[in-house]
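Structure provided below as structure tokens; questions to follow.
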């Protein structure tokens, strides 16, 4: 009897950047980390990493200092809200673009 | 004439408002949500004098409608896809209890896999339950069908679902006329249901039935389960004539209608007829016109009432055609398209009958391109011998 | 397919009101005698800031085909920052027109040789007394000037009806200022 393969397709995605497209383009506000206030950056030690923990899109790196992947950061502001050191400020994206240009 | 340009959801909500629904219980679900929001605005502003009951699920939404209808009020809900299926048990209850509930279904594909886009599997999968099913092709038909649905439901004591394509109709905007409230009141008077909870006449509703008939407390023989269900089926078949009359009366009053079961376009002299349900039947009109310019005699027919199945109208329209092409956004998995099967079955005993090709398309909102429809129809018209008994698929990409 | 249908695609970002703008033009077109009007927004998940588009078809007779626009006659862009991300002129017919909210002149923008009309709707909105960033009323004025399809007076009335309770006169004024300041380029 010939072998027939069943269940060749289901809907299943592997987690990873870019599944929703270049969502960084949606940003109206951009998070800026002040490394003078950020606890891991200041102390040079692995510390709270609340920004990494709470980011719903996993665009904050668990590094010293933490960095933000602007390709995908949507500017939701949760990192700024959760930072215990008030080290993150949400600034207008438009103003950043003008500066970059 | 008061035309407005609004979405299909608003057309439905306006129909419910004009019908003076008294109890609304609904749970939001894409793409029906703006319908419930509009209804709650109507209630909040006082434009609609109704109880709006927020519920925590669709199962409860139908449960509340069952209770409200049993208490003798005009009840309405709306849902889509997985929401419709969540209330499936209650759908069976509402129809078995012979309650004139009206529901709108914004047709959407069913998970898994997850989708929010349009196909008709949700309502199609409920065709065996016993609810009357009406399908609208555009916004005018949505608002008109809602009003007719309330009238039909209370006439035959069977719940009615008015279905329309999610997004394609629910979220697009087009002009439609809002019927005059006074005229609607004359067409749809308030009613007293045959059976309702009444403290003056205490009774138990929908109690258990034993397999055999038995005498009740008064000594009279009470019907059993099979008798009650047989009566439902008879009344559903009777609803065909009832709806025809209601549609005629609506047409006289409001100037629109006249196609209670099927809506045909250029079918009279057509050798080949495309059949489908919903907005697709209108999209096919441009295809029909183009093919006719090529000299191919085709027409398109939209099925407006799917349950009860209008087999006489179907046979009259299709029996003497050479070929029929049934486009469906639904599938009875493991077999064939539901509409295709019903049409084939209706034509079975005809001495002459067309070849029939089934196409499955548009599932999960897969875009339906006019060129695909043209190619499919042209192929069936030019090579009827190539028509197969198994469904073909349009728009697959892998 | 039918040649009498005028197909207009509107590009904006979620929250900018592209749907409302298209709906207002639909209303204006309908009362001007276009009995066939169909407006279809982007179907599906959306959020503020994400690129969205809306299809508007108008014709003298009723329109039956709701399928998406593939070859627009006109494209209206509410936000020039979209130009880097979205090919707004995709499928534009040969004699097509792009109406763009942007600073500068029509000659500053190129879409494979298509005609371009430009108005700094963002600035005109502020000039009309609206908060910065309201562009969906002004863009209608630019549309009217560039296409001549619907009279500006009809559209201003439709704008004022749509924006009842939300600064209707200022929104109408924004459309008129944009109308007067739309520069239409040659092909």
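The letters A, B and C name the chains in turn, as written, and every chain counts its residues from 1.
By definition in this document, contacts are C-beta pairs under 8 Å (C-beta built on N, C-alpha and C of every residue); 3 or more make two chains touch, one makes a residue touch a chain.
Predicted model, so just to flag it, every value in this text is computed and none were measured.
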{"item": "Comparison of B-C and A-C (more C-beta pairs in contact)", "value": "B-C"}
{"item": "Chain whose Cα centroid lies nearest the overall Cα centroid", "value": "B"}
{"item": "Gap in Å, rounded to a whole number, between the CA centres of subunit B and subunit A", "value": "46"}
{"item": "Distance from subunit C to subunit B - Cα centre to Cα centre, in angstrom", "value": "36"}
{"item": "Residues of subunit C touching subunit A in the complex", "value": "13, 47-51, 85"}
{"item": "Complex interface listing, subunit B residues touching subunit A", "value": "112-114"}
{"item": "Contacting residues of subunit C [partner subunit B, same complex]", "value": "1-2, 23, 26-27, 30, 35, 37-41, 43-45, 63-68"}
{"item": "Partner subunit C, residues of subunit B touching it in the complex", "value": "3, 5, 31, 116-117, 167-169, 171-175, 279, 282-283, 285-286, 289-290, 365, 367-370"}
{"item": "Sites on subunit A touched by subunit B in the complex", "value": "10-11"}
